[in-house]
């Protein structure tokens, strides 16, 4: 699967948070298996969508991929470099190539910093320009690129609206000329009217700067517009990956089917005819994930085998991977 | 106070220049706090008194004694009177004020540095570091401060040589007092800072900085610390008042700054036996302590309101 | 719940151990207990050497700490100075409830402390009660009439009281209410001690002897408490349910006393609860001035003579009380507040 | 659950309101005082015409037993309820108390060679439980003192006695290896053998004897009644006293640690007697009608000079420089102004003992010009014009250390300025007493040689006998001698020989000669500079009559005291 066109390659990535007790001598009493062995790759210029319910580990996966949380196991190769195992200067070098945009436009900007400081921070860290003045100039350019007036450079985040803030966040992500950006639910906190603007901006930037995105979202509707391929996560593992159209037209995993059934269809007739699969029960605790197929307690079509045997991760048709016993 | 409602031209300016930094906002709110403003003026006057007074009298004069001139009531020659060995009380309150304010400020700097470092390390790194540092903090908090002060004052007592700072020679006991007040008062601040760090470090802007590759020390000092500045400033301001009072307490217990170096605290202490016979002995240092502590408390109160991040009004 | 309490108690143990080691190290260097045993004259050389050995002060710090912690009845010690350990020690160590014996008075530390605790609690609890009562009055009043003239005057007065060193308040009040009042022919208060020997230790005597120290203590604690109560009340009064109650037309009195005060009580009780163990330590300065036989004075008297067992005993007692009270406060808090649960 | 919470809340509020409203209700919850319920009248009515005198002690006693007491307040309190072999009157002259006469060469009480001293006890003396006081009590007191199983406060001078014979109940024969003048300090308090021998036999030590803190049996004019730690102690008249009974019914001692509070209590009439009154408090007390009585107790405040090749400032090795230091400080004016003219400047360490200060040694006069001339002559001149004299590149900067007593700190400040006027820089240091006198081993400032001038108040160790020992060469502290008390590091062969000689000179005339020689050396070599006489200063309420004090046994005539 790996070739020169592959920008990001994730192999068996795991992120377990320990649950500890005790004060000075801490004992580990359990782990939260937030991400429990996921593998995928992203091609240059491609947008991979990653969807799943809240708490399925998709945000953790995105953050662990960039080394924001120390990974428990696995590797992430970005543009040929292993981001998780690099240290010091090497790590800094890779960090330049990979950036992240966050969900909450209010929490993701330091309230004590001006826009200028925020946007030029990556340039300072990576020593991209010789002087502060040059960095400011570049920051102005970036603001222009994301559709903000350059003279807002010395303002503070609290003077902006949510959408404007998200644009600042995007400008910051672009500041280090990255190849790859993790978009961590960048639009879910925004008004619907703004959402489209931001998505359009992201698409425009992708074209201009030939960026590669991992687009994390909790529902499938918005992802459809921007993604080339989509991965579906459930309880720390990926259950299905396919090209966008393939996934939407031919979802194989019962969980994907359930998610898709929740997406409203613009055509009223089709919408009325839409068969909705309602999932019953809560998402199980990631401290104690179910045995076998993790989806089996909530799966409407589960069979006996699903309880005990972990389904194989298979490519059922070209570029369409799925983990389910019922899929042939 | 008229500038609460911006004029039209100001509104126009607003469109071009950035309106208000958080500091300006704080200052605007602080200015509305009359008590705080009053406290600020008093404190500035006290500083002018203690440090400007040095141009009026030399330190040698403050220590100049003449036992035949003892316990003189205030007069033209000695505006505040003289003490039990005939030293001029005005000159001693000036030089004593320098020491008292110096003790207040420097011990709080020590307290703040300790509190920030310990709170920041515990809050940012968490885990074992947090556990160890917080156990130490709790251990210190479990013992009444005055007990700690006494034990530490005796522990360090007399072991520190005198040092010279900015032309003044400070007796070792000044350094001791500063260190022990600083070392016994950082715990609350450390807890405040830790709590702030714990909540702030989960913020996405910290993750963004880490994604960029910003180092831990830069994240601590440039990203998180500026956001904890408000509670730190409020807490430290109030600590200055507490430090000046603490100095007076240890002086009363005979463990404070040793004479002939004057402080308001030890001047007040030695005046206790002249409550009725020579009231000027306690009136002036007592008044100065009162004014200092009072004004600092007012300022701290005003700052608390002004820097409250929840408050969005001007 | 029981598991939670036991767990918390066990968590407290290492904390107390750390405190004890730190204090012990500090204490070894705060002076020479034997230096002042001669009274007005200097202790003789032969006595110094003998006492150092007999009191076990010649042992290394680690051994002294070990003996203090677990006693020395398991090992032989040299009591007559011939260099040969002859008898088993007699100390049981603090872990077995033996706080040791005062170096100065040779009395058991538990006895010394036990004698002082009732006196200290009498003084401190009375001060706390007076303080809290008036702080409640003031705090609630100024919260209801925020920024009124009275509120501002009270705030200013509070700050003034808070800004005066307590020794000064004490000596001044003693001078005014005992000496000057007597001079002016007014009813005057006694100065020092707990009772007049001519009359004896009656409740009334103790009460009038308590007035001045309680006054001095309350004046200083008052400011902090009433400010805290004021801000807590202000916060509660601005809550939606209080506004709702008011808009429902409930009498103001009822709103304040039933709704607001009830909800403000939780944080106030918590703060008082956390302060309580420190009352055990007494008030060093006040007890010294008014010659009140409490723990603060015991501490001061013995720290000035480097009497390690007594000083350590007091400090460890207070530290332990703090740990215990923290647990109690947490439990009460959880009991009062349904949002808190111990998993 | 909700109901419970309301109840608790109401309880809290009710508790706060109730206990605070009453205010007084807190005082009704007086802690139980087991034991004294019977002695305390339950009502507020003054208890009859009982004569109670209130003493104010700034320090609590550590133990009541003569064996374990450390400190002056315990020692003087013993005179109420315990008894000494001999007492001293207001002229500090000894007179027989438990003995029939003071032993001397003349009456044969002291043997020719000075190695045997015989005491003859009165036959009418008895303990408060009517048991007779016998020679066995004396022997037992001595034996317990030197027993290694007892952690007594001091074994001196008992350890000079090699054995005691008790040929009969009224005769005590002391045997010495070498004659020692310290015999006069023996038997300052005795312990009852009939009470304590069984305790010792049972426990192997007297350390934990109940009697130490609760001496049920005594021999003084008063009986111990109770002692509440940190608060007070009571002594009531001993009706079995073998001498004339006391006139005052009860002595009530209150422990008031703070000087200023003590003065206020005396002024307010809450105390009848206070000791160690600072001179600065005297006018306030006199104004309130409190009488001030001073009694020479041998103590003099003085500056001890350190003269040591190893530690001292080089200038201090020159006797003329030391003389100049003494001449530069105006002690007379200080005593006149700050000590209110109540005390004079002592010329000699034996200032309170006129007999041994003969011919009297006068203090060096205040003469800054003369001091400057001496310093110039010694080569200490201000060659670099920084205001401080120097020689061979060494600045004349010396350290003056003392404890934190206020009047001492005032003298230090005055001395600093006056020495600066003649070109000597004085660095001032202050320490808590237990730090100041900490041993060489504990790196105490005095004993480890850090201080050129050391100031404290001291007396000859056997006052009213002028015995001394600090300046012995064998007392110089070192790694091999970590508890040596010669913090001056002065090892003067001539002085050493004289000190050793006086210690065994039992003949008064010979002693007088030797001590006077020592006196002269102190003065000529400037080893000690007197600052002020430091007699005991007592504040006595005007309602007390018949009050006399002695410098050794202050309450020798306590039975004659009365209340107007």
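Some notes on this structure:
Labels for the chains are A, B, C and D, by order of writing; each one numbers its residues from 1.
Convention: contacts are C-beta pairs under 8 Å (C-beta built on N, C-alpha and C of every residue); 3 or more make two chains touch, one makes a residue touch a chain.
Nothing here was measured: the structure is a model prediction, and the numbers come from that model.
Greatest centre-to-centre distance from chain C is found for A, with centres as Cα means. Of all chains displayed, C has the C-alpha centre closest to the centre of the whole protein C-alpha set. Counting contacting C-beta pairs between every two chains, the top pair is C-D. Each chain gets one centre point, the mean of its Cα atoms, and the points for chain C and chain D are 33 Å apart. Mean C-alpha position of chain B lies 25 Å from that of chain C. Centre-to-centre, using mean CA coordinates, chain A is 83 Å away from chain D.
The geometric centre of chain A is 48 Å away from that of chain B, both derived from CA atoms. Within chain A, contacts with two or more other chains are made by residues 23-24.
In chain B, the residues that reach two or more other chains under the touch definition are 135, 154, 157, 272, 275-276.
Under the contact definition stated at the top, the residues of chain C that touch 2 or more other chains are 14, 30-31, 171, 175, 179, 288, 300, 306. Residues of chain D touching chain B in their complex: 259-260, 263, 278, 280-281, 283-284, 333-334, 336-338, 404, 406, 409-410, 412-414, 416-417, 427-432, 435, 445. Only residues 30-52, 54-55, 79-81, 104-107, 112, 115-116, 118-119, 121-122, 125-126, 129-130, 132-134, 136, 171, 174-175, 178-179, 182, 188, 190-194, 196-207, 210, 261-262, 265, 269, 288-291, 293-294, 297-298, 300-301, 304-306, 335-336, 338 of chain C touch chain D when the two sit together in their complex. Looking at the complex, you find that chain A touches chain B at residues 23-24, 26, 63, 66, 68, 91-92, 95-96, 98-100, 102-104, 107-114, 118, 121-122, 125-126, 151, 154-156, 159, 169, 172, 176. Residues of chain B that touch chain C in their complex: 35, 135-136, 138-139, 141-144, 146-147, 150-152, 154-155, 157, 241, 245, 248-249, 252-253, 265, 268-269, 272, 275-276, 282, 286, 289-290, 293-294, 297-298. In the complex of the two chains, the chain B residues touching chain D come out as 63-65, 67-68, 70, 84-87, 154, 157-158, 162, 171, 173, 254-255, 258-260, 270, 272-277.
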